[in-house]
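This report refers to the structure that appears directly beneath it.
Order of writing sets the labels: A, B, C and D. Residues in every chain begin at 1.
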Amino acid sequence: MADIPHTNGNGIHTMAREFGEDRRKCCWYEEEIEQDLRMCYALKSILHTGASNYQDITLLDTRPFGKALIIDGKLQSAEIDEFIYHECLVHPALLHHPNPKSVFIMGGGEGSTAREILKHKSVEFVVMCDIDEEVVDFCKSHLLVNQEAFMDSRLQLIINDAKAELEKREELFDVIIGDLADPLEGGPCYQLYTKSFYESIVKPGLNEGGIFVTQAGPAGVLTHTEVFSCIYNTLKQVFKYVVPYSAHIPSYADTWGWIIASDEPFTANAEELDKRSKQRINGENRYLDGKTFSSASMLSKIVRKSLAKETQVYTEESAKFIYGHGAGHNNHA
Amino acid sequence: MADIPHTNGNGIHTMAREFGEDRRKCCWYEEEIEQDLRMCYALKSILHTGASNYQDITLLDTRPFGKALIIDGKLQSAEIDEFIYHECLVHPALLHHPNPKSVFIMGGGEGSTAREILKHKSVEFVVMCDIDEEVVDFCKSHLLVNQEAFMDSRLQLIINDAKAELEKREELFDVIIGDLADPLEGGPCYQLYTKSFYESIVKPGLNEGGIFVTQAGPAGVLTHTEVFSCIYNTLKQVFKYVVPYSAHIPSYADTWGWIIASDEPFTANAEELDKRSKQRINGENRYLDGKTFSSASMLSKIVRKSLAKETQVYTEESAKFIYGHGAGHNNHA
Amino acid sequence: MADIPHTNGNGIHTMAREFGEDRRKCCWYEEEIEQDLRMCYALKSILHTGASNYQDITLLDTRPFGKALIIDGKLQSAEIDEFIYHECLVHPALLHHPNPKSVFIMGGGEGSTAREILKHKSVEFVVMCDIDEEVVDFCKSHLLVNQEAFMDSRLQLIINDAKAELEKREELFDVIIGDLADPLEGGPCYQLYTKSFYESIVKPGLNEGGIFVTQAGPAGVLTHTEVFSCIYNTLKQVFKYVVPYSAHIPSYADTWGWIIASDEPFTANAEELDKRSKQRINGENRYLDGKTFSSASMLSKIVRKSLAKETQVYTEESAKFIYGHGAGHNNHA
Amino acid sequence: MADIPHTNGNGIHTMAREFGEDRRKCCWYEEEIEQDLRMCYALKSILHTGASNYQDITLLDTRPFGKALIIDGKLQSAEIDEFIYHECLVHPALLHHPNPKSVFIMGGGEGSTAREILKHKSVEFVVMCDIDEEVVDFCKSHLLVNQEAFMDSRLQLIINDAKAELEKREELFDVIIGDLADPLEGGPCYQLYTKSFYESIVKPGLNEGGIFVTQAGPAGVLTHTEVFSCIYNTLKQVFKYVVPYSAHIPSYADTWGWIIASDEPFTANAEELDKRSKQRINGENRYLDGKTFSSASMLSKIVRKSLAKETQVYTEESAKFIYGHGAGHNNHA
């Protein structure tokens, strides 16, 4: 233990303080973005750790991104920028719909997707169907920003496999939202991204004019062919109108992708989206408005070319087990 | 030293090979994106290290991004995605100009900016003015992709301070390009981003209808107020038309910004830009086309709001020395 | 948020669990052992963080070493192996003394040094003089293993500069113990390692036959010339008998050194030390016994040679300010 | 690319140089000492990488430890301190033997073990038997310090499984040296540490009065029960006299263990060992002399107690496959 005598005005002390600032960055959360790329976030504290039957759950307080929810070693959602992911997932679909009243969320146990949906005054009924009760309970207790959403009487929370639930439900929905892990071969969510699932369960679950939207994995210049282009191509086999879009999410260290799909065309332009936002949404979006969506849905040349050339379609048959993928891949969802 | 007897068909050997794949990722290049955020890139090899009078220079071969040029501990340019940065820096300015013949590059010693400029058939004369001869020589020898550009007879390479050079030159330029480190207070490039520099040296150095473009630092949702918004506001004091735009660059782990400025309006739309590209550019851009620029220049709501509210202007007077900033900050340029 | 359907007996789930084990090692405490050598300890949790007027204080729970006290970014003491450091610091001096009744600790605010001293039945009076009240209070509250020691009526706790305190005290001590940061030039403890301090304050503070012991910094094959050899040589100028010894401390990632010094010879052999241990110490040491001390005080050839050749003596005059050393160096103490 | 104007005497430049020193430490070699403990060594360069049929081989130039040989992601030998490991492995056995003429090395392809043996003037014949030809060739070409040894006419280099080779050889040896990976269950070297191997192959391969020595894994306070205590106990079943000893090896981040065993007692004391060293060894040891061995073979109380209590014996039968151990464990050897 150090016993440090008084410093004597020669500046040592002050400097030590300044370096101290640096030195305190000695606790880190480390994530493998890819096998050969890591991101390290300075840690303030480890708030909670736990495990469900399905997943390990950790809540961290990070210096660069605030509170961060980590599931199975992957950052799912960071306080400082989760609004980008969740506004992009929810509002384009709901705003393009003329009058969305009922919404089904596949996954979404964190509560942020429900929170964004429930800002829409038109919405009367939201089903959130997540398989992992412990994760839902963990988020209910620890993510204060979503507590109001979890208490909203319009929200029905179901613990079940989303596919089974959607199949057995008799009512139809105006919007169905896929807030799931990526469709990795061998991974647990693969079958929720296949052509047959979209065809025989999702599309029949929509009301006329209904819209389906799904998170669609990394969509960066270097990563958009991992799953984004293939989800796009698969949805094109099933829906008449399919619009991919993307946004950079700092805490994911990548550009992320989403895709909206419908049998009705997406005709609302930036001004119309802004008008609808004002009329329908309680409060104001931080990230997404009409122009932002116009920009986000105009992909860069290199991504547009890949999407146009993509021929792979996700089917049950093409699913084969690939070592480590289901567990090791980057499944922010 | 391990002496390992023959394995006997029980799978140990195969597994060792598979783990070997993982274990070989034991050499890493680590960069502090911010003080509390690090990116680690698996290393294949350290190709060259050196130091000029001004800077430390390293050429690495990284697994995720290929060859990477590191200056003073900051990744400047990575083989796999430098085309995004350099196409965004060069082509919007040259394509918006009706007939660019002469171009002045402040900095740019890596050669990639010159390479993109020299693809334009209209260009007759390019001055590249970099202060660091060793960096230029290093890049000339080691970056094969730019060797043709360095040999192009239209390129005049000057070793000098860009401000001094531009001031003493008598000829005017159609396009001036700022490919400099960020304008950090106390940093070496600060004075090349001030209102007075733009007013008394850059603008007078342009032909009528001339266009100025500069890299403008990080432009992500969390980082655009560091310098991007202020460069934008400073340029607005000097030029009639100012257009900021941005793109996510994976190896920078952020969205990056550039700004074009002129006293003539930027009227070319996406189709016109594509038409000009076809007519004027040898070969084909990989990242930037008309739609990409339309998307890149339509900033997200949160960034647009910050830019609209920005009041700071860079002036010589506002420059004051801030401890460590000049050296420690993120100056990809 | 991932919604993961039931896995279907194909082993994915089990594997995910196994990988989960690995993936949970995503929080790390990182320490710079030297400028180009780092040790990273997997973190369970960050128990407390705080700052005194002098130092930053953190209590971590690490996977490899249990609870660890970090001061100014340096691991001071880890639950799992602090007994090595503290038994080596305290028992050789007290056991070699024929009948130690009074002990003065310079520093030692953590409480572990006092704890080891108070195990000696002969000890009637211990002064612990640490300058940093917050550190002492922090350790009192959080280090349960030392709470009994802090409550012991034989312990007098003084908050003061050790030099000033020792100077003004009128009583003499049987043993004086230096539990201080390393004597880095420009560092805060430098003056507590000088020849003049030993000569005019420490030695006069000892009773006849009294023994002085000090921690003496890293003593590994590669590190023993940093300060260990010089403290040894300085003590040789002042005391007739000086015995250096060392032990590997896993959580310090190095072999550590201590030195006992007296004007009486150290005559007790291994058997005698064991006999005295049994008679005088309540409980039993885990690390240090007679043979361990014999081994620890028989240094390896390469270290013995350096110590024999050392000519530097710490004096007030030789202290000069070296950039960064006071703050950045490895000062486990 | 940064263009940096002349700095103007305000000290920025000098400071940048100083920080540059720090910033250049951006390339690191990272090793998992244990699953939850990592050591990171700053890298100067990656000299060579390759792979044999058995192992991945890398030669690095590290800042703290000089050139380092890495096999399958584990540091085997570092320029700056490999002399500790190899002097401890070789000289105690050869010096305790009255007149060692023939020596058999199991493993040892790096060449350093042979180098130390060949310093003994009495030695007439050394067999080095390593299974991995590529590793041997790699070390022959790249480890200049061992080139003389590889050319020594007394050395016979055999590429074979050490067990098979020793079994078929008809001549007996004065000293047999085990320079092998640790005896991990399921690992490739397990069978070279079993009681039956020692009994039926090693002991019969020794001349009368012959000595066997083996590296024996980590021997630190926290790690000596991993394999050290069990190798010790296994050898005690087979040989009359067994002496364990240890030394801290900085680049291994641990204290390491070796064990000598014979049916003749080890009677030479420190003075005798020093006398023999002078007579028999060309040149002078840096680490090991008589006193060093006395100290190294006097283990600390906590280690002595574990060894005394150890009951496990390595047998072929007790070998069972444990997931990942053979590949992932810490096998410096």
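We take it that contacts are C-beta pairs under 8 Å (C-beta built on N, C-alpha and C of every residue); 3 or more make two chains touch, one makes a residue touch a chain.
Values in this document were obtained by computation on a predicted structure and should not be read as measured data.
Chemist: Show me the overlap between the contact partners of chain C and those of chain D.
Modeler: Joint contacts: the list comes back empty.
Chemist: With chain centres defined as C-alpha means, what is the inter-centre distance between chain A and chain B in Å?
Modeler: 31
Chemist: Counting in whole Å, what is the centre-to-centre distance of chain B and chain D, each centre being its mean C-alpha position?
Modeler: Those two chain centres are 49 Å apart.
Chemist: What whole-Å value do you get for the distance between chain B and chain C if each is reduced to the mean of its CA atoms?
Modeler: The answer is 50 Å.
Chemist: For chain C, give me the residues that contact two or more of the other chains.
Modeler: Within chain C, the residues that touch at least two other chains are 28.
Chemist: Treating touching as the only link between chains, describe the layout with one word: line, ring, star, complete or other.
Modeler: Contact pattern: a closed ring, each chain touching exactly two others.
Chemist: Please give all chain pairs that are in touch with each other.
Modeler: The set of touching chain pairs is A-B, A-C, B-D, C-D.
Chemist: For a test of understanding, state which residues of chain A touch chain B in their complex under the given definition.
Modeler: 18, 22, 25, 28, 34-42, 62-64, 80-81, 84, 220-223, 247-248, 250, 253-255, 285-289, 291-292, 294-296, 298-302, 304, 323
Chemist: Given the complex with chain B, which residues does chain D contribute to the contact?
Modeler: Listed in rising order, the residues of chain D that touch chain B are 1-7, 10, 12, 15-16, 19-20, 23-24, 26-31, 43-46, 49, 51, 54-56, 58, 60, 69-73, 76-77, 106-110, 112-113, 129-132, 135, 139, 161-164, 179-181, 186-189, 191-192, 321, 324, 326-328, 331, 333.
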